[in-house]
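Take a look at the structures below.
There are two complexes below, and they share chain A, which is joined by chain B in the first and by chain C in the second.
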Partner chain A sequence: MSKKQPKGEYIETDTGNKVSRRSQIIGTTNIILGGKTVIQAEVIIRGDLLRTYPASNPSEKQGNTVAVAIGRYCFFSRGCELRPPGKLYKGQFSHYPLKIADHVFVGPSSIIEAALIGSHVNIGSNVVVGKFAIIKDYVRILDGSVVPPNMVIPSFSVVAGRPARVVGEIAEGEVDGMDLREVYRAVGNG
Partner chain B sequence: MASFTPYTYFQCPCTDTSTPTRNLGDEQPPETEENSDDERTFDPRAPRSNYSLYPLEHLFYCEDCHQIRCPRCVLDEIVTWYCPNCLFEVPSSTVKSEGNRCTRSCFQCPICVAPLSVSSLEAPPEGLGAELASQQNGPFVLNCAYCMWSSKETGIQFEKPNGIFAQLAKIKNGGEPILTAKDRRKDREERKRDFSGSSAAEESQENEAPINLDPNERLDPESQFSNLKAFYQTQMAESSPVSALGFTGDYGYGSPGALSRIMGLYTGGSYADKKSKTKSGTMREARDALEGLQIDPLSDEDAINKLRTEGWESTASAEQRHEQTTHTPFLSDLRPVAYLLRTKRSKRCKTCRHILSKPESKVQTTRFRIRLVALNYIPSIIIKPLQPILPTASPLLAPLNPVQFLLTFKNPLFDSVKVTLATPAKTPGRFPTKVTVLCPQFEVGANTDVWDEALRDNNTKSSLSGEKRRTKAEASEGQHQAEAGKVWERGRNWVSVVVEVVPPSLRIEDSEWLKSEEMKRDGGEVRDGEEVVEIPVFVRVEWEGEVGGEDSGLGGGGKDKEVREKRELAYWCVLGLGKVDVD
Partner chain C sequence: MSSKRASTMPAPLKPPTSLASSLIIAEHASLTGTHLITLGSNTVVHPRARFNSTHAPITVGSNCIICERSSIGFQSEAAANERQGILIENGVVIEVGAVVEARTVGEGTIIEVQAKIGKGAVLGKHCKIGPLCEITEGEVVPDFTVVYGPGMRRLDRSGVEDLKMKMVARQIEVLKKLIPSNLAKFQ
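Showing the complex of A and B:
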């Protein structure tokens, strides 16, 4: 790598994604980005961890080539990592897709191995989201939480602790503030 | 030193601030102030203040009362019960009959509260998923993927992978079956028929109940409760016939007669009188396990022995015991914890009963039918230091050193508002901060969309009442000095003003003339929270809104200007600006 970055920090795609030149995105053909998503430096996305276990119904088959699916207006802070979750099933180890909807913020140095993250989810810094966790819409996970594997977090939950548990509810007035369009617009390409 | 994020809290008017409060350590309650409401300064550090201050996002606005509403002055109404793990809705009738826990297969680890998943003992040990269990053969166990606890450790295994709640209800720790309430009831009826009238001693010896219940049996808590309940019900029925008192014996504790009888249980000891149960009006106590009595001298001994051999490690923590419904001194007593149900609730104004928030009833929907949040009615306040803090500089405020902050008011209404700010010159408390708002009165533009604004600019400039508008560029170019009486910066629906504060010195040993009145009265150490500079600000918002109120905040503004009325809203806010360096 050269010492100086002559171009901007971010590569901008046709759909408005801003992907840091210093991020590590592996297996790009298996990753879907919905658009207007920001990927900061040192973020790791493991698109190479593809499902190897054959899907039972044919409609799922084409989905097999997707390891990580990300919606619109997501924000992945410096040094966070997205890994599709994996498990042994009938004696065979396989990864399964990691799906992330819209307006999802992931704080610095957090590790995500969820099966599903809904829309308007705010994940703090240094959080671990365990394998196959399911996080519904409008959830806030506070800094340093460890969400145990298989945990289901219902909508409007505030979650914290190791292991994480629901510690509060998202107030009615907090809902609007979880939209990330403003955050996206504020990202310059310096 | 942890960094400090400035904050703004709003006071809900529902709190009664007229009652004098007492600080910890005060010897006498403070004298009631003679001042009228308007003159009294709100003290953010008063013990009562904690309960009335909220971030704006947590507040509602009642359109009928034209008032802020907080979580303490709204009524919650349950719309839907659901399990937070399987997300199935539970009808409220089921909640009444079955209780407030998920009765499917949703359990939390008794050791660490992480979710438990069902897995087959025959499956590869690393198997995580619960959904795959259906194709596998039992026995099944509950596993924690966080701390690796397994129900096998307490001797609990299941035949089927689903309906774990019902299966668990029939197994004791260790694997022995639990007699169901039905079995017990049958046994009780048999006994009553066979031995009614015989004395206690005979009864327990001759007892040959169909399922052979042992009168010295160690009962699980549920069975003990149901035995006790059944016992007292028969006692009450026998000692006071239904006809005489007019209650049915089930839960008929309401009548005065029943009440005095229950009191009689404690005052008129019936231990001595063996035949007492035959006398009318007196009751005896339970005397064996079948009636719910548990005298277990062995259990203490067992516990001591267990502590001796297995040590402290084998005991359950207070937190773990708190999650359990029964007495569980040892880890081996702990049971998987069925998930408590959660609710979706609507909120009503306590004063006028109008609905302030109503979610869609379906569990998986996140939409609201009604959502009257204060955010859409009153200006938000954002705090920023006027001079940007260098990353190398201390984030703490230097004592006795003036510092300026920028307060940005953003108007959510479709009408422009006039804002008036009032602060005490010195904040209340032992270490007062000096406060000056450079521009205490200003107008904030309406929250119209950008096109509306462009049109209005051409026609009338009345909404801004002739004040000179300063653009962002002007502000950053020219004026570096904040000027009294002038707005610092303004935009479409926002205005920034400057507030200057002089933080106090927290040194107790400062010379006498520097000390505040409070300090002279009440010396001593710096208490927790006193290093935070908190400024009480009284905000008065005035505007002309549409009559009817129904949609003054959300409906299209500016369409119909004929029927308008003056509106006013006033409330206390607390600005948390920073922490003072304690040196």
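Showing the complex of A and C:
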């Protein structure tokens, strides 16, 4: 953590993650960052909400639990929150891991309680993604949407509304604009 | 990281509190104000939840869950009929970022993500206020009301409220194991 610039806004990790000093990350040991991910100020990531229900697959190691898994080139704007969803299953309450793939943008003040978010997903500002929602690749969620719990959003959809519905499709030309490598490079301690 | 930041924060005025011994309150929760804050048994307060008793006392029952960034307490001077403060009954769930300025929140009510409850409103028992929904100032919401979407309402008479209360209790059991409590800090 002790890099050359002592008083910058962002701490840059070995894998190139840029994490704001003012982010509020809880349970850091249970969070995986794939690298080159930007976490802005006042972002809350709840790594402490671990899975307590034993995994059905015995090959999964106990004690090696992950609450939030994030891929590469993701961007979490100011004030958003990532929170593993929880539900009652076979009479026991448990949280389940929140998985986010690559090139996912989350706008300011959005609350994410999804189970799975695919690659190249763009989530606007003030969006609420309900518990156990599954968002596939190349999806755009417009500002102020409320994605209901358990919703599955197919690839290449544009989603909006309260509750959110599919309102359109991503055009072929738009796909290039959803790459976040440039956005990552623009963030720095300047 | 978080430990560094804590030192830079000025210690806010500690309000008088009455906390049950089985309360789970995270270290980064904040209790501020001058009036009494009462938190009941088996209630869980997530980190970064905010209670502000500057204008009136706050009473929270047992088996409640108060999530992060939610704000409970009047944000302006209390009117004559609001002096007795905010009463949150048993088994209430207040989710992320909700703002509660209600006079009363009835038993088993769920206030979802970023909902706003206007000042002096009265929520009945077993209501559900959906994400981003708003209840206006002084409004009285009857029991079993579900508020959803852009201000739409219906009554939920499915009769599963006992099950819902049990589910909240199960959730609290799990959260008790996950959230380290720091009761001493707020006493």
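Heads up, the rule we're going with is that the second predicted complex is superposed on the first by the 178 of 190 C-alpha atoms of A that agree within 3 Å, B and C clash if a C-alpha of one lies under 4 Å from a C-alpha of the other, contacts with A are read in each partner's own complex, and residues count from 1 in each chain.
Basically, a contact is a pair of C-beta atoms (placed from the backbone, for glycine too) under 8 Å apart; a residue touches a chain by one contact, two chains touch by 3 or more.
Keep in mind the model is a prediction, meaning the values are calculated, not measured.
Student: Quick one: on chain A, after the overlay, do chain B and chain C clash, or do they fit? Just give me the call.
Tutor: Superposition result for chain B and chain C: fit.
Student: Report for A:I26: first if it touches chain B alone, second if chain C alone, otherwise both or neither.
Tutor: After superposition on chain A, A:I26 lies in contact with chain C alone.
Student: Answer with first, second, both or neither: which of chain B and chain C does A:L88 touch in the superposed model?
Tutor: A:L88 sits against chain B and chain C alike.
Student: Would you sort A:V167 into first (chain B), second (chain C), both or neither based on which partner it touches?
Tutor: neither
Student: Is A:G177 touching the first partner chain B, the second partner chain C, both, or neither of them?
Tutor: first
Student: So, A:M151: does it touch chain B (first), chain C (second), both, or neither?
Tutor: first
Student: Regarding the shared-chain residue A:G130, is it in contact with chain B (first), chain C (second), both, or neither?
Tutor: both
Student: Closest Cα approach between chain B and chain C after superposing, in Å?
Tutor: Nearest C-alpha atoms of the two chains are 5 Å apart.
Student: Could you pull out which residues of chain A sit against chain B in one structure and against chain C in the other?
Tutor: Dual-contact residues (chain A): 88, 91, 130, 146, 163.
Student: Give every residue of chain A touching chain B within the complex, in rising order.
Tutor: Touching chain B: residues 87-91, 130-132, 136-138, 146, 148-157, 163, 165-166, 171-177 of chain A.
Student: Quick check: in the complex, which residue numbers of chain B touch chain A?
Tutor: Within the complex, chain B touches chain A at residues 56-60, 82, 84-87, 112-115, 117, 124, 126-130, 132, 144-147, 342, 347, 357, 363-364, 366, 368, 371, 373-375.
Student: Flag every residue of chain A that touches chain C in the complex, lowest number first.
Tutor: The contact residues of chain A facing chain C are 11, 21-26, 28, 44, 46, 48-50, 52, 81, 83, 86, 88, 91-95, 109, 111, 113, 126, 128, 130, 144, 146, 162-163.
Student: Can you list the chain C residues touching chain A in their complex?
Tutor: Against chain A, chain C makes touches at 1-2, 4-5, 28, 47-48, 68-69, 96-97, 113-114, 130-132, 148-150, 167, 170-171, 173-174, 177-179.
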